[in-house]
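By written order: A, B, C and D. Residues from 1 in each chain.
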């Protein structure tokens, strides 16, 4: 019935990220006016019963249990990787070689070396590619980007970001397996550094440019946890907490921290930028609020403005409801799909690409190296 | 493919509310495990081109331009009314007579007299019915209901609610027509009293029981506005602002206010309940935050808790993402559909029914009567 | 040693207000550069031992046990009344007749009739006079006054104020006696209406002009309490909660509420003004923060500014510390003394005078009358 | 008249800190019931006219222009040093040798080497000594100490502190002279490290124990400023911003930052502690609010409590007003004097002593050393 062109999607994964991606592809056409219409062609997971049920729930046309088959299918345009970190490398490279567009959950690889090979693969293949650093597309964060880009902050002095959680404090929590692979270093690559700090770094470099060097500190508070797959207590290989000092290329100073041991915080991603003329602050727990301070406001009435980013002239918001009414977490993924498709249609690829995500992995590698060497480390230029 | 039973929906309206309803029916199956699956069978609007485009965008199977035809269709189970207030009365009664289940946007009628007839119609027909007072199903508001129901507030002393907007301050804004029928008394019935106060009253009576009597005050700040349909300046019949004092049946005092002239507030619906032992406060601009004060907390560490209602054990939230990640405005409609369907499946109809909504309209009628008489008015018992 | 002229003060009262006044007279010279220096000449209280101890602690030169003696003393320039409400009338009139300047705690009288006689007495005597509505001189509230006076709010639509406390919820709390005379209607005149609403009304009329008419509601939740002086359970004569709707002379609508039954609030005096172009909000629990919304701020970055009123160009603050550092409750009294003295020196009497405070008492009288009559009551014009 | 014993005070300095100290000595007896009464015996400053005027304003009995004379006076019990950092060393040592009790503004010395000699001097002389790290005695911070001491936080994972200001961003601001000696490295010793971070470190070690090692980063954004005394552009020797990672002796991780280039922040000293069971947060801009999260609160109603530390059972508050009414910055100094005197009376010296302040200076020295070496540095154990 629709005049829109189909864009056939094949998704690997049906866990937490599998749901956010399925929802994004499913919803984008209801709210954004695009020339293409994503079609949920196939979803892939190893357990046949589960993947069939998931496909039915979300309206996927088919389900696969082997990602290689999915990559080989001629009726798929986009391979979207929503499976654990240790699968990204192989699938992305195979998909690129098969000429598919590739979308990949973050972090791109488990380390910069994996990410570099993946980036080369999509670039050699010349296929569209994107990494799901979704927080760039919280309307308030995109608004922050517009403010920074306008130059009104002036010279930047400080950038701060935190990502604070508290869900792994209990020593009884095991590691590994379906829900807990983020605690298994073999699967995840690292702990909060790749999981949470990576988000902070992606946004930071988008807003404030490249990072030259870092001094990092990591800690594993719980040294051993039972492993779900082996049933035995095993050494915990991931970092529970990670923090670093940074110097940006523009001369500003950075302070970053992520942890899963900050009692009372669920997913408190915060960021703040202090410039010569103005400052910006934001946090994920109240994601529509952008705090903005402008020194040019008249003296006695200067103050931090709490801007509720829900108006029609705020990024993305004209597609949703009316001023004052909120959207949520999943919408950032919908925005990302909308921008990915617009990128295809305009010929101007949407960011972050694999290459952008590689840059983030180089910073996380440097943080981990510095934590080990106990001195400042330069970020590799590749 | 799915084993779920279809529930065939026919929606009248494709404006703001038409979108929230279409989304709700479309999304509910992705997140809630129900025995029924809503099917977007038909949507109805007077403009053929527009309604066809809307149907295509949302995946409706068909589109009608006459609501009577929709009501007559045998393949429709539920008539859902998402059109302006002056259409509710006729459509609802016809739908009930045709044996359809009826869902209706709020306020139910333009006044209690219309609502009473509508309520009788669905009750005589014995059909399932519901009114879209969606804010009950903000997770934090549902949480408030659970706290109140637990009795831990003790005797209630005070209930306060406001709904503050600022979008009609400009005298250049016309009245009437597609987007502005809320300013046309003939279509809307009343101004902020039926539009905004009605939400406050619905929640208040759900949380705190019936209202016995009120003393109201209304004001129309802009006396004349150009009418979109006639092109002429015409008297404004609606109330721009409305406030009232109330006495609840449980002995507590109420203070209510709604306005579209509160500069700086977009959709600031706030509520607060003060009980003997504990208090609750909430506002729509930060809809996940429930403020809770418990006098039983140890003395020196008593304080208002800011509870971020995003955990799996918070109402509705286990269906969505992980702790700390937000949902938005449209989800309240999804929750309402989920509960409506659960009500059908369990035989325990979900609230608010037409009868519940009629009770709200009796309060708004009393407020308007008191504003005219300049004395306290009892709320009609029907 | 000092070249400053002495201003000899005689204070009646040594309770809570006795302390704030003593502190104000004692501190003003340390922070404000005035031509006069208040001298703590004498303090008066009925208990000899207690009043001597108090005089010693605060450096009063002498102590009296009979206020008539104090009024008769030739070495006193100012009689300051800091004793319970039922003493204001007699002392103020005697002091005026004796040619003393008179400062009086609020409310001026127990009702407008007392206040009218007191006002006439000071005006006939031609003596300087002032009432301690101290909250006008919170720097953020004075800032609000300056904003309103500048006209930048435009036409005013709404004024709201609350004063919420929770200290009398327990039914075991007795009435009467030294600390609890505020619960004894004979001493206090009324309950929260004269105690808390009076503050709200004083500020409101200062910021927004006169009130024409009101519709009030009062409640006494605990009907009987043991009386400290008689030892018996006696009917409670005061109002525990009081709320009213109002129409201001400038066409704006008012909503006022005070209670001692709002669990979780200690002294939450809040106010908000919504004008055509801008809005202001403030609360006493975070007294340095003035919330300000200006519609003229650029569209996408409009928001409520949280202005921390601690800069040198904020009212009164240049006399204190450096930006960011707070002052507290007692400073409002110091500011009031400073302004009273400046008024003497400049010949332009500082407000609020007895006449200003009488206007407030006329509103509180109308609120109580309306609560009794259950209809709107006009405020007496005197 | 008073039966209290005099404690004769001689203060060096009459600038910003000279005022806070004079006020503290002047006010303490009005609010605290002590056996001793501070007597403002003498104040010392180099400019005769100014020091006389200051003495008159504050009621000092005499004024000196040479601190050596002050130290020699027999009628002085306590020498209180409120003059710039480069004077602390010499005065403190001379005062100790003269057998005076010594109170000293922070930081104790310009570096740990000076502080060590000063500490030895007071310890050898056996005189009471204290350093004015006043923020310990903000009631909410003292409350935080009591919570930590109760053990209810459990094992500590994280400690974070910031002190953010923005008053030196303009390149036109000169360095040196009366008001700007904090920008002159020769006088101040260091920039924000000794000025602001020192406060953060003092509180941190009080609440969370010793710091083992640090990795620091400093920056001077404006490299040259005109010097007030020479009139010429001169190299800026102080650090404008300073941040460090830390490892505490108890295994927790620390993150500290101070800057005068955080646009929008005036004196935003913030701290947060995350423990296994509970967390605490506080900031100086809303100094009465203590944020407290307790994981033991019932699941669905867990949240950060905003405790308004103004009740009679909160630290120091019973000496002031009634619940909900605030005190301010200067009160922390009054509390410090009260505790110093109680320490004299009880024989249990109040903290922080010179030795406590020396420990802070050892951390600031390590931060500066690490910023230079670009690697982690251990904190000297002295």
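Definition applied: a residue touches a chain if its C-beta (ideal position, glycine included) is under 8 Å from a C-beta of that chain, and two chains touch if they have at least 3 such contacts.
The structure displayed is predicted, hence computed values, not measured ones.
The equivalent interface to B-C, defined as the listed pair sharing over half of its contact pairs by residue number with it, is A-D out of A-D, A-B or B-D.
More C-beta pairs touch across one of A-D and A-C than the other; that pair is A-D. Work out the mean CA point of chain C and of chain D, and you get 36 Å between them.
One simple way to say how far apart two chains are is to compare their mean CA positions; for chain A and chain D this gives 42 Å. Each chain gets a centre from the mean of its Cα atoms; for chain A and chain C, those two points are 55 Å apart. In chain B, the residues that touch at least two other chains are 265, 304, 308, 311. Interface residues of chain B facing chain C in the complex, by the touch rule stated above, are 157-158, 160, 164, 166, 169, 215-217, 219, 221, 241, 243-245, 247, 253, 255, 257, 259, 261-265, 274-279, 293, 295, 304, 374-376. Only residues 143, 146-147, 290, 292, 294, 297, 299-308, 311, 313-314 of chain D touch chain B when the two sit together in their complex.
Put simply, chain D touches chain C in their complex at residues 1-2, 16, 20, 22-23, 26-27, 29-30, 56-58, 165, 167, 265-268, 284-289, 308, 310-311, 320-331.
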